[in-house]
Structures are given as structure tokens and as C-alpha cells.
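Each of the two complexes below includes chain A, the first together with chain B, the second together with chain C.
After this line comes the complex of A and B, so read on.
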């Protein structure tokens, strides 16, 4: 995002990304999925924002070596009751971020439900990333978190989630929205994983045309 | 309250006597006649007030008095004389007090108390302290006092010869909220029609709607005076239900170790309710009385109030009969409490108002009580936003009844139950209305992928309380409660889109559109040049903490615009039918899809099986073919072999045929030779035998000769011996 020296503007396209995951139930003022996005969008972490009703909308650009990607992020409400609204948001989405809390095994199960639903209902070829958040709470674990797990707050072994992700063909990360650890990486990886052909879809193309007309 | 300094607002208007008046002054009650005449001149603005000077003192000046008043019942010491009233009449009484006070033009605070108020302390106090307000409410006094009204009217509420000059005089430099202004704004030229409101309270909205529908509509569209808003809301919704109020503290207290944590309110409530138990039945009958006249909001539920009452009573019985919660239930309860607590404080709407800080317990209580009352719905985010505007206008147990009423009777519940069918329906209706009424805008948004689902969900699930300014939301609630939920929210949604049509059409970018739709939609109603009275209005709930939301909105215009949107029940019904049809078709399609999918998979497996079989037979075929080829080749080889062998045989036969003669010839020759030889050998043999006989004869001769020799030898030997003897001798 910093190398503004390129003489020609890189091809840019927009990607609709939907954020799914269980509500951060019970955890005192702590991060919800949306904080992950807040961290990404503003490089900021808000402890206590108003609850999301329906979905919140955010945008953020992500620069890859060959192109620029503008994420249109739909952050859905986490409460179970709002699950029936999710299809409105993941319809036509090119990417999905399914978040769980690495201290709570139940949240991974919920995440797996979302993954299954996405694979069943969302557009085929959607890029799904599985993200275990709250890495900061298992501070003793290294950045990979594989060797040194156990005695602390971790409830989901990284290896378990990773093997699940590999089975289903998902991208997999463990992040901390609070410290910002590996957050940007997630989005860069998603941007990189979206096939070039998808980006030339009707939405992206239309945009370019419009700009030319203007 | 007697202890609070009650001083008339220091209004520069000279004609206004700075009279300090006690609340319980019996003289402040105004007669019907007075207001009537007062209203008739229609008050043409002789002194050309500022464009948005929308109020005369009677309605603007005032206080949070109704909030205190609404506490009256609950706050009074047990055993007070006011207890023996059923709920309907208590609302009536409350209304009378407010009207009395309003028309007298007494303010609850003087400005001197304002600095304290902004510190947040006074509001809290004043919520709790209202208990001390005396009860001047017995109807008989009020009636008697009517005669005093005309005189009082002049001294108290009409500061000058012309009523129009009674514009509220505030220092416009003060930020909104630092003045204890009243209410969100009835129109500038419409004086509060106390008679009408009184009729609504006394006779019920249905009766008024029948007798003077236009007046009522106009009055509601003009905004319910803030002072009586809580009362009118409850009358409109017919929400007052003492059974529910009685159960409320129990619900709130459930699961807490020390039920008396909420002791202050809970005890007060239960005692007041206990004393009014005898009248409970009246409350329900009061609501059913009007059930046959379908006022607009009741259109959908017109037949069911008594049913609902039944449902409520049975529910209550069930709640009362409930045994002590098990540990599992306690854990569930604990989880619920945590979920609600998470959404309190700054995470809810209007937290920037100072007054909101004092309402957090109430918010928590109402949410928890509702979640326990209606376990199928429980607590869902969004409810907290809906409850807040209620709490600004009535005590928590009434807000709870109101919420129950809105949920069940107004159909809000359909938006919160599992899968949220109501929400989806309203979103569809909204989308169709937009398509029909604003086709250009609809297409524009549709093309950019901004469907109503994406922005209107928040409006409907929170009844616009999620982002919208409180000034507007209260007015939206007015209309919802009087007209019904469905029509009102759709009208407001549509009117906001219409008002912003040009701006929206000018935006090309999806994110700009989305953000505008979320946050800036109501900006068209910002009052650029707010009048003093509207500043007053906006500050009613205490100043905004950070100075945000200082805007003053033209709520009247919004409501007028919304009312002018032509949405008929028939349209909505037809859209609803369409939606249901679509849903049905959709579910049919889903089913069909499901069936087709399963068929497809079975066929696929069949195909796979057949393919496997085909493959197998293919390989077999190949094998057979190659075998055949191999055999053919072999065959040819064998034929060749055969040919050669045949030749060989021929040759051999030839050979064999010739050989016999040869062999015979040779054999004969050989035999001849052998014969010859045999004869030769035979002859030889005979010669040998003859030789042998000869030799045998020779032998015999020899042997004879030997014997002769031997006898000669012997004779010689004897001679030798006789000689030797003769010699020796």
C-alpha cells in the first residue's frame, strides 16, 4: 500500500467480502469479528462499539504487486437470531471471512456451520478464509501457536483448525485484532487467492466503463 | 418535589409573570371552554414569528413532569389514597395533572438547576425522587377547579394580549439541551388541542377516531406534546396492563441471589399493584371495550385484544407457577443477563443524552423481563434500541407492557422470532413500494447492488432508533402507535428515500451510497435556522454529552411528508400476498430443487455404475478382440505348418514306398551273403572237425608210444639199478 512510485495505475477491481462468525458472547469488552475489520480498515481497535444490526458496511483498498483490490466488506451481526439475514449479504460475495475465537471450541463449530452453508449456498468459487481470532489471549504461544499450546486459554489447537481448513480448501490464519497481528496478511492472502477471471466479472467491468464515460 | 426550587423560567417576555407555582395547585386546571375559545382564533401570526417558531408556551415550557408523574403510582408510599384506581383511570389522572401543569405553564426547573443537570446528577435524583410528589390527582378536585381556570389562564399561560407573542424566549446561544425545553414540537400554528387529547384519554382512541378522525390525525401528525407523550402512547396502544406490571419486578429479579437488589422499585411496584389488584379485571375490559372499533393500529389485531388478554393471563399464571429455577436454567439466565449487559451503556442508542445514563437499569430490566416473558423470542439485539425511546417517556414497567403490546399486537414480534419472517416481509414490501413509487431510484440502486435489505434492515429492526436522531424517532413512534407498525415504518422509509432522491441519484459509488443511506439520510430534515422553540425541543433529554447531535430537525415536516405518502392497506396486502406467493414458490422451488438434487445424485451414481460396467465390458471386449487377433495369427501359422507337414508326409510316403523294395533287395542280398557265409563256415567247421579227429588219433598214437617209452624207461632204470648194485657191491 505504500509503494506509490508505480508510474501506471495498477488495474483495480472491487471484491465483495462477507464476514461471518459467532457473536463474541460473554467476553467482556473484547473484540468481535468486526474489530478484525476495524483493525484492517483503520488499523485501529475499538473496544466497545454499538452492536451491529443487520450488517455494517466498510471498504478498504489492498494493494498487491500486480493490482489493487478494493474490498467491500459486509460485517454481519453475530447474534444467532440474525442468521437468517446472512444470505442477503453473502449472495454474490467473492470472498468470505469466517471468524472463530481460538479460546472457544464452540465458536469453531459455529464457524464450520458457516463454511458448510457457504459451500452450499454461496456463489461457487467463493474464496473462504478461516480465521481464529484472539491470538493475544494465548500469549505464550509463538506466532505459529503450534508447539507451545496447552496450559493457557487456548481452546482450539491450531493444528486441528488447520487440518480442517486444508480438508475443506480454506485459507487459514490465526490473528489478533487487538494487537493487529497478522490481520493485514489475511486480507492480502484473500486478495491473492481470488482468481483473475473473477475480477473481470460484470461488477468490476462495469465500474471501469463508468469511469471512462465520466 | 416540593423541595426542588420551582421557579418560572426567567423569560424576558415582560408580560409573563414570574410566578412560582406548586404542582398541586388546584387552580391550574384549565377548563375545556377556555382552551376551546383560545384555539378558535387560529392565532394568525400577527407578530411574524420566526419561521419555525412552532410553539406557544403552553406546550413548550415545562419539564419532565410527566416522567415524574408517571412515577406517582409506583413511588407513593403504600396505602396512599390514590391507589384504588384501575389502570385506565390512572392514565386519565396522570393526563389531567399534566394538562393542568402544562396549561399553567410551570416549568419544573429553573435555569439555575441546569448546570447541575448537565452534570448528570439531577436527572438521576429526579427520577428517583418523584415519589415525593403529592397526589393532586383525584378527579373530583380537578373537576371542581374548572371554574378557576379562566382566570388562571390569563395569569399563568398567556403572557400577553396576543397568544402568538408567547414564543419561547431562550438564549439562542445556549446549545440545545441546556434548557429544559419540552417535547418534539407540535406545529407552530397549532396550539395543543388539550380537549382532543383528553377525549383520547377518556374515551379511547377508537371513539375519537370515529367522531373526529381528521382532528385526531392532524394532532398526531403534529406531534404528541412531549409532556403527555408517554400517557398518550399507552392510551393509543392500550398497553396498560397491571398484571404485566405486577409480574415485571419478578421477571427482573429472577435469578438474582438477592431479589431485593431491585428492592426500591420492585417493592414500590408490587405494593402499588397489590393494592390495585381488585381493579385488574377492569383494565382488561377497558381494552376490550374498544376492540370493536377498529382504529388504524388495531386493524390487524382488532379482533384479538381479549384473546391477547387471555394469553397474557395464562402466561402470567404460568410464570407464577414456575418452580425455582434449576442450575441449568440459572446458567441460561446468566448467559442472557450477560448478553443484555453487553449491549448497555455506550452500545445503545441515545447514550449521549444525559438522561440515558439514568435509564440503563430500566433498559436492562425491560430487556431481561421481555426475554423471560417471551422465551421464544428472548433477547435480540435491536430490542435495546427500541426500548430506549419508550423509557424516555414512561417508567420501566409501563415500558415493558408497551413492549409486550408492540410485539404482540403491532406485529413487531414477527420481526424478532426465529428466521425473522416479518422483517423479510417488510423488506419486500419496502422494495416493491420503492419500485412502484420511485422507479428511477429503485433502478439506480439496484444497478449498483444496493438493495433495501442492505440498509433498511436496521431501520425496521430498531424502528429507526439505530441511527436516527431522537427528535425524529419519537415522532416516528407517535405514528407507529397510532397508525400501526407496518404502514408507519414503510411510510417513513419511503419518504426518506423520496426526499433524498436527487442526492442518491447523483451518487455512483456503492460504498458512498451505502454510507449515505446509513448515516446521512435524515440530514435533509436538519433545520438550518432552528427556531428557539425547536432548540428547546431538541434539548429535552439533557444535552448531548460530546456536543454531538446538536442539529435540530424539522420533525413536523418529516411526519407530514410521511403522512402524505400514499400507502394503502390494499397495496401492502397485495405486496404481502405477492411475498407469500413468492415465498411459497420459493419453498416449492427449494423442494423441487431438493428432489431434483437427490434424483440427480442417484442418477449420477447410476451413471457411475453404468460407466463402470461399460468400462469393464470395454476392457473385456478389448481382451476378446486381441485374443481373436492372436488366435487368427496362430491359426495362420498352424496352417503353414500344416502345409509343410503335408509335404513332408508326401515325401516320406514316397520314401517309404521306395524303401520296401530296396530293403527287400538289400535283405535278399544280405541273406544270400549270409547263406554263402554260412556254407563257408559250415565247410570250414567240417574241415576243423576232421582235423580234430586226426589229431585225436595222433594223440592216441603218441600216448601209446609214451607208454612204450615209459616201460622201456623202467626196464633201463632196473638195469641201471642192477648195474649200480653190482658196481657198489
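After this line comes the complex of A and C, so read on.
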């Protein structure tokens, strides 16, 4: 994963992954260290590397036993705020991370809206993961995210979100970007769920970058 | 929904057409507070992309308002019962481009897309062959009184090798004459003494008198100018650089093509990618909200967006269409507007024969140009005194499902009838096993003022400057002058920034995680 020695050649493919979810649920790469993407991208790097605002997308490799997947992680750059997300955002996306905050029921409603939007606008084969974030705020959560009896900040029962996810055919996880709990698993699961047939090398087509413009 | 009040914006960009979007890209790392709005609820304005369903709404809006476009009409023929032929697919299977312009490989736009690093989010496809329709064979040797042969499509050779070795339906003697013109145009700057005397005369005069090209072959070169004008109005000084642009672009980015088109619906994709860069840079994007009024009180100007949001800004930039309330002059009233008749047709065939790969190793073309020179559609009841251009896009563009294709038609003036007969003629001339037919089509008119090409500016009170881009031209080619007007606006807005850098030249973002390490 480092840029040191050349790794053994393993089939490697780029996968465009788009991020969706209500503001402040903890998804975006450009604001805080405590976000899912920062966790995923930085975990095995220096922990306090300054986040850079303004990259078009972040990339991170995910190595599975049989193949390496290179995620191109796109965030909405705020364009969703005034319903101004462009069709190109969904274009060719092979995976989507739809995030809500398990302490805020309204954020699940919003997540469901994004799932519907993805089903309408994205390619039919897209792998969607529904992720309830901020698991650390929920007192004494079981290791598999099952809630235990008692009073805590949880606003969305895991069972409710899980059954919705099952109905829609989504992957489902509860995570904490803060502690890092289960973050890597989300990405590994997405990587594993992308059908082999959907994988190609770096995206195809006649691309200007492959040529030199003097 | 959040509110836009209480922010002092540096720049309000109105409209997400191509110049505005490129400006947003140019300002994306300037640190300026940019609010970018569009009165439409989609990106691209006059360069937008439409599904067949969105096209229905577009037709209604176009006919209800005054804009660059008018007289829009849909026609959906009753499905042909012949079995096995493709049917119209679901609405979102189509991305129909209002601006299917082609981009010559020597265009400054491609260099800017590279230097601004947004090219990674775009895919470009090669334009392939240029075809010319001839009602008779183009043979010089054919006796003049012989009976007219059926019309045919002739592929225009654009390199000397192509002329020499390809079977384009041009006989040997004509080939030599064509070769001579190609050599001349490639080097026209150094031969000013030859063409200067013809500078403001029609190109045909130069071709006839100096280059001894038989008049039956003039249309080959006129077609390469991609001008909608009549041949009599196509002057030598206008035409030579345009033909040279075509010839010199050939092979620049790869064998066998001189121009590219963006995938997924023409210039629309570019506007979306540029706007995204604006958003990544911190710009705020609002669709479905345009400038309603501008009011000036004391020293300061406030802008009402939609019905509720009043904002203040130092600069307002847009196209005339979006700035109406600021400049007080709607587009339609601006001097003599010329009209281009346009059409978009979904065809029930891939029209495979129009997209041959003509050079070994060249990418598969996704687009073709078909030109109907003046008079070539003579049999129809409409008198044809302007050339008709059809841009044909294959399904590789992502604009239609596999097995279908899109034809974009252009002709000067009130020429819907000519567009229809050109398309009908093409569908017969392609010689497909079963005659392709039209599944869906849209006709409309585009207006473009003939006057200024310059960005204009106006002062409002002390505090606000309004800058206007010129309205889009009806050119079939991306017009590099757009880059000049965007640059001049960018220069004015960033005038006092010592570290503004070069126009649309950005360094690599220190990317997190892996670097972009594509070889």
C-alpha cells in the first residue's frame, strides 16, 4: 500500500465510489479527521496528516486475497445542499456509501432518500452500502453493533436499519469513524461485493490524458 | 433548505453554460467566495443534456419563455411494426446534447483541461469521417450529359495518403487536384501572395482560379470549414484557417481523427465537471434559482435570487440569457438575430457504415459529419440555398442505447424542411439492410445575435460590476474565443491578486492516500 517497493502484480482495478448522506454524519473527507473516508484513507499512514481540501477525489487501495481494488472516493463537494448534484457525479459509480448518524433518526430518512436517488440515477449494478456512523456515541454497544438494553444516545435501532437494508439489497454496517471501529470492513465488503465482470482497468475510453497535447 | 443570506460574495455567477462553468473552474482555487446559480434545475444552460423526458419539459419552457431557443417541437412517429428493429428505450437511456460541438485536437480547450487537471473526469471520443452527399457521382470523367446516378455519400479524404490510397469514389485526375489544394492549405500562411487577392472573395474563386480545382469538388473543402453560411459568403480569409485547422489537427492526438467529442452528451459534461471543480474549491451551487432583480441603494447593490434570497456581491457574471434583469435587455431584442434551424433525431440503427476505422491503430470513431452541400437536396420541394450539416453520434457516446444512433441537424435560416429531407436522404443513402427510421425527434430554432463577440461590462453603483459573456454561437465547432472571453473576465476579477497564477493552470493537489499514480 505504500509507494515504496513495487508490489507484486495483482489484478488491480479502479472503482468509483460516491459518498452520500446528510451533513455532519461523518462521511466527508474534506473536513474532519473523524470521518469514515479519512479513517479509511489515513489509517495506515501518519495519523495527523493534514487533510487537503479540494482534491477532486481521493484514492485508496484495498487489497483482497485475489485482487486489489483502487477506490476513487468522490464526495459531493456540497453540491447536494441545494439539490444541485450533477448527473456526472453518479456516472460510472460502481459503489456508493450512504451514511447516516445512528443518533439521529432524521438522518436515516435522508439516507433512504439518497438510496432512492441512486436507484434512479446510477448504473443498475451499483453496490450500495448503508452505514450508520458514530457507533462510539452509543453506550455499551455490542461488538457486532447490536444494541443492548439501556439508555443511550442511539436514535436508530440497528434492527430497523438492517431490515431496510435487506429489503433494498444494500450492505449494512454500523461504524465509528472516531475509533475506527469496523471502518475497514465496510470498504473491504464493498470491494468484495463488486462483481468481477464490472471490474476493468483504469477507466476506458479515448482519454486525453493518454495522449500528449503539446 | 439552507439560506444564502448574510454572506458577502465576491462573485455571483449566473447560469451554468460553458463560459460560466469554465470561469467557475478558473476561480476554483482563487480563494474567492463564489456563488454559482442557474435559473434552470439542470446544469449546462444552452449546452445542457436532456433525456427524452426532460426534452418534453424543455420544449414547454422554450416555447413559453424568451431565450436563445424558440419554436421547439417534438415528433414521435408511431412505432414501425417491422419486427426486430429497435424501439424507443426508456427516457434516461438518452442523453441528448443541446451542444454536440466537436473540439479540434489543436483547440486550446484541451490544453486547459489538462493544465487544470479536470481531464481525468472526462472521456473524449474520436470524431471519424466527414461525408459529403452528392446527388451524382463526383467523377470528372463522367460525361456531362449522362443520366443522374443515385445519390451517394463520399468520404472526404483529409490527408494526402488518404487521397492517394482510399477508395472514396474520387477518380484519379480529381485526386491530383485535391492533393494540390491540400498541400496549399497546409502551408497557406507562406503563400499569402497567392490567396491575398482573394481574401474577401468566396473561397470558390480561389479554388477555381488559382488552384484549378473543378467546381464539382469545391464542396469537399467547403465542408471542412463546417460553416453554415452559403458558399458565396464563405470568404477565403475565413475559410483557409478553418480548413487548415482541420488538416493540422489530424493525427495530433492519435491516428485518423482531427476532432474529439466529450462522452455523455457533448459540452454538458464539461460544464458539469467544471462546476464540480468550482464546488470542490468551495463554491456554493444552487440550481433552480436565477437573478430576479437588482436593486441599488446608496452605495450598495443587492441581488434578489428567486423569490427569497437577497445577496450582495462584488461581481456578477453571466450570459445575456441569465443577466436579463441586470442589463435590462433581454436577448431577443438585441439587434438582428440570425436563426439556425436545429434538430435532434433518435435513429433505429447504429448506422455502422458511417463510422469506419480508416487508419490502422486509430480508435473507433464515435461521431461522423455528413454535409449536404447547397443544391444537393434539389429534388425536395424546398429550395436549398444553405448547406445542411448532420452530426451523427454512435451509442459509444453514451447518448443512446446500443443499436441506435443520434443525428444532430444544423442549417441556417428557417430550414426545418431541409433538415428533415437531409435526414431522410441520409437514412436511405447509408444502405443498411433494413432502412433505418426515426424513433423520436426534436426540432427547434436557435437565435444568435450577429453583433458583439466581446465580453461586456456594466457598472452598478460603486460596489457591483456586471460582466456579460457573449451568447453562444451556432458554430458546430467549439469556439476558442470562449476561452479568451473567460480569460478576460478572470483577469478582471483577479486583477489585484498577486498570486493568481496562470489562467487555468493548477498544480497537483496534495492528494491524500495514494497519489494519482496512473502510468
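Heads up, the rule we're going with is that the second predicted complex is superposed on the first by the 158 of 214 C-alpha atoms of A that agree within 3 Å, B and C clash if a C-alpha of one lies under 4 Å from a C-alpha of the other, contacts with A are read in each partner's own complex, and residues count from 1 in each chain.
Please note the rule applied: a residue touches a chain if its C-beta (ideal position, glycine included) is under 8 Å from a C-beta of that chain, and two chains touch if they have at least 3 such contacts.
Computed from a predicted model, the values in this text were never measured in an experiment.
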| task | Tell me which partner A:88 touches in the superposition: chain B (first), chain C (second), both or neither. | result | both
| request: For A:59, decide between first (touching chain B), second (touching chain C), both and neither. | output: both
| said: According to the stated criteria, A:79 is in contact with first (chain B), second (chain C), both, or neither; which is it? | reply: both
| query | By residue count, is chain A touched more by chain B or by chain C? | reply | C
| field | Residues of chain A that lie at the interface with chain B and also at the interface with chain C | value | 49, 51-55, 59, 77, 79, 81-82, 84, 88-89, 203
| note | So, in the complex, the side of chain A touching chain B is made of residues 14, 16, 25-26, 48-55, 57, 59, 72, 74, 77, 79, 81-82, 84-85, 88-89, 92, 203, 210, 214
| task | Would you tell me which residues of chain C are touching chain A in their complex? | result | 1-2, 28-29, 41, 43, 49, 92, 105, 110-111, 113-114, 117-126, 252-254, 260, 263-264, 269, 272-273, 275-277, 279-282, 284-289, 363, 509-518
| query | What residues on chain B touch chain A, complex-wise? | reply | 335, 338-339, 342-343, 345-349, 378, 380-382, 384-385, 416, 418-420, 423-424, 449, 451, 453-454, 457-458, 461-462, 466, 508, 510-511, 514-515, 518
| field | Touch list for chain A against partner chain C, complex | value | 1, 3, 29, 38, 41-42, 45, 49, 51-56, 58-61, 70, 76-79, 81-84, 86-89, 91, 121, 202-209, 211, 213
